[in-house]
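Every chain is named by a letter (A, B, C and D) in the order it is written, and numbering of its residues begins at 1.
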Amino acid sequence: MSNNSAGAIAPELIADLAAASRILAAQGVVDGFGHVSLRHPGAPDRYLMARSIAPALVTPADIIEYDLDSNAVNANGRASFLERFIHGEIYKARADIHSIVHSHSPSVVPFGLVDVTLQAMFHNAAFIAAGVPVFDIREKFGATNMLIGNAEKGEALAYVMGKKDIVLMRAHGSVACGPTLQTAVFRAVYTEVNARIQHWTIALKPGATIAALDDEEGRLADIVNQTAGMRAWDLWRTEVRAGVN
Amino acid sequence: MSNNSAGAIAPELIADLAAASRILAAQGVVDGFGHVSLRHPGAPDRYLMARSIAPALVTPADIIEYDLDSNAVNANGRASFLERFIHGEIYKARADIHSIVHSHSPSVVPFGLVDVTLQAMFHNAAFIAAGVPVFDIREKFGATNMLIGNAEKGEALAYVMGKKDIVLMRAHGSVACGPTLQTAVFRAVYTEVNARIQHWTIALKPGATIAALDDEEGRLADIVNQTAGMRAWDLWRTEVRAGVN
Amino acid sequence: MSNNSAGAIAPELIADLAAASRILAAQGVVDGFGHVSLRHPGAPDRYLMARSIAPALVTPADIIEYDLDSNAVNANGRASFLERFIHGEIYKARADIHSIVHSHSPSVVPFGLVDVTLQAMFHNAAFIAAGVPVFDIREKFGATNMLIGNAEKGEALAYVMGKKDIVLMRAHGSVACGPTLQTAVFRAVYTEVNARIQHWTIALKPGATIAALDDEEGRLADIVNQTAGMRAWDLWRTEVRAGVN
Amino acid sequence: MSNNSAGAIAPELIADLAAASRILAAQGVVDGFGHVSLRHPGAPDRYLMARSIAPALVTPADIIEYDLDSNAVNANGRASFLERFIHGEIYKARADIHSIVHSHSPSVVPFGLVDVTLQAMFHNAAFIAAGVPVFDIREKFGATNMLIGNAEKGEALAYVMGKKDIVLMRAHGSVACGPTLQTAVFRAVYTEVNARIQHWTIALKPGATIAALDDEEGRLADIVNQTAGMRAWDLWRTEVRAGVN
């Protein structure tokens, strides 16, 4: 560990963070790409995330500590994700967020490509009912390689996300956030499931009003997801146990 | 066992009930959520269901006995599903039903969100031909967390289901029932398959009349499903044998 | 073996027939239901098919010999499929057919429910280009349990199929045939894949003419499928080798 | 090795080429059919490709060397793919291409059947933004078995592809190319993912303009795919390691 580290973290927590990467891969939310981070439990100006590696392969030894400018504190030669600024800038802007998932889950991408709003199709995706902004990198930065490759782009993304816990990225992917690692992972998984359900719903009766969760139903159901809903995490954690103790 | 238990059940039956949970997970009907119950074979005022745990992880040791008000008889510290009232209230209302599956299987959810009726696309989903009511919790209870979290909500759901063996729940999921554990599981699995087929059928020729099973075809085919159809259960039971002897 | 048997068959052939069942299950063409048969290589008035069992579980010991009226010759207490008459009656009507697959593969069912013709979307499904009749059991038999449960229904199905090698069954499933076991399995698998491609193609541009294979392209490509195409069988046979030597 | 061989290739490279076949199968891009080739690293007038065998089964011992007329240099009795001319003729026409994948991945086929242009839905499929020509074998060759079974047909295909790195083949499949084996595989995988996303996007809002990657975004994002994007290859290579060291 570097002298600059904010301090050691419990090995179980690091193992959970590595497991979260594998869970997201197992659930089809990420493939060779995508990442999940955790705000440092003892130092709110630091966050933890794997080195640049496919999510299904992450082990505790791959976890790096970053400051909120997304400088690696203890890289020791390990390469960082190009898009780590997504994480640093959202943590800067939102003290209530302690975990962030970035993915390209394929059912979600279409909602950033045409003018159709992602809605909460069922209670497990309740947090979506609060609203889903779409970030188009082209508006501020013109033609780019589409990546959130520096702090300025991360800041712009965080600005568009505002007070929501999700933001879609045009022709790229999405970000789901939460107050805990477990909730961020839960939301990322059910955002993908929800997107699939919405595709089917719209195709079933194009143009019809969808009886989605309204704001208040979304708020109430999200509370359950963050408590009783944790048995999904228990299942997923068990399923990847062999890979990350 | 508590002194209040209606009596011991054959271990094979408990193993089958635990296996049913794992079958539903393996068939993609449930994920971290959902549950299956069985009316007590010796006491019609009791039912059996797993403690609050992901369906893929259920073992015989997780099975709890409930009375029809959904009070646990032998919890011994084990937590109960919040939505156990779905089961208790349907068992109260319908003496002919001996097993119930509740799930959020994603292909089915859209039929509770727009005004399109789920129909029986093929003989394996024949029981659907009798009709599929939709329960909207908002109509009686306003904005809620969407869950059937007490007896009153369970009773309202059972009322909407009426004499059918299936009910959809707006922005939530569905319930499939049967006279045996095997038939309830069979119906839950083929409700999901049928929903997928109906999505494709509607997309193939929007607005066209679908040559679905009519009432009488549904009634006749359902008899076969409950007899010869049991070889599907034999397959599924074999596939989860390693998990639940 | 019964005294009435037309004679022993090479064990490798029986193993291939059992493997064909498992291949169809592995490829998602059949689930707990569906069956594949082979005309007896030494006696054209006999055919071979598994006892009533889920396709994924078939072993050589499950294979029964039938006459063309679908009477079991050597059942020895083993139960027969209710729909064996599909096989017997097609073998009666079509001397050129030596193997038959019956399935409920879900992508195919919609083409029997609305008036949209299944077409050959790509060369691997070339045999479809010759045309795909649809059998509606209701037309001749009124309300039934939908099954081909006797010879008369099997004969009616074979009549509608005519000189084609495929027939769809309204609200039920389909039948794919061929001059060899390998070709019948190949056609059943690619009928399912083709149906999926056609669903996507129609959704991509509803109402557009599809540049499907025409009759002559279908005839020419089918020849390749029956020769070089056999490397698909080699792969599938290898994949189920552990189950059926 | 034949006396005509252009020289031995590093065993690791041959293992990578065999692994590429298995990766494409594992990713659902190929099934029993399809092939991937590599231009000989030491002799630009030669290329390497497996004998006629299902992609999931390829081992280093199956790799054959071909000249650009697609004559096998060291077949030693091993059968060649009928469509090897796809590879030879593209290598002739395009000195910048060093690896080629031919597949029938099912989501892509529809874009060759109706007049809808495949577009780059997200950054991982950036190379598509340069444009996607469609080859219809019927235009020059009339009714055929649909295969690129000789040099003349391969030349016609390469001509239609022109300066792009992808070409669709009507009622057949597609070809994806790249400057390295890893990039060709990456592009083939994300062409399939991209096609699925485009199907969903079009269904979400039929007729809407899709905010796909434009030319310049495509060019810039493709550079990242060819560098940082290689961690997808690292994952896939690890996943098939057991099969091909």
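Basically, contacts are C-beta pairs under 8 Å (C-beta built on N, C-alpha and C of every residue); 3 or more make two chains touch, one makes a residue touch a chain.
Predicted model only: the values in this text are computed from it and were never measured.
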{"item": "Cα superposition angle of chain A on its copy chain B, in degrees to the nearest 5", "value": "90"}
{"item": "Chain whose Cα centroid lies at the greatest distance from that of chain B", "value": "D"}
{"item": "Classification of the chain A:chain D interface as same or different, half of numbers criterion", "value": "different"}
{"item": "Centroid spacing, where centroids are CA-atom means, of chain A and chain D in whole angstrom", "value": "32"}
{"item": "CA centroid of chain A to CA centroid of chain C, Å", "value": "46"}
{"item": "Interface hub residues of chain C, defined as touching at least two other chains", "value": "203, 206"}
{"item": "Which chain pairs touch, all of them", "value": "A-B, A-D, B-C, C-D"}
{"item": "Residue numbers on chain A that touch chain D, as the complex places them", "value": "31-33, 52-54, 56-57, 82, 104, 106-107, 109-116, 136, 138, 143-147, 170-173, 199, 202-203, 206"}
{"item": "Contact set on chain D toward chain A in their complex", "value": "120-124, 126, 193, 196-197, 200-201, 203-206, 208-214, 216-217, 220-221, 223-224, 228-229, 231-236, 238"}
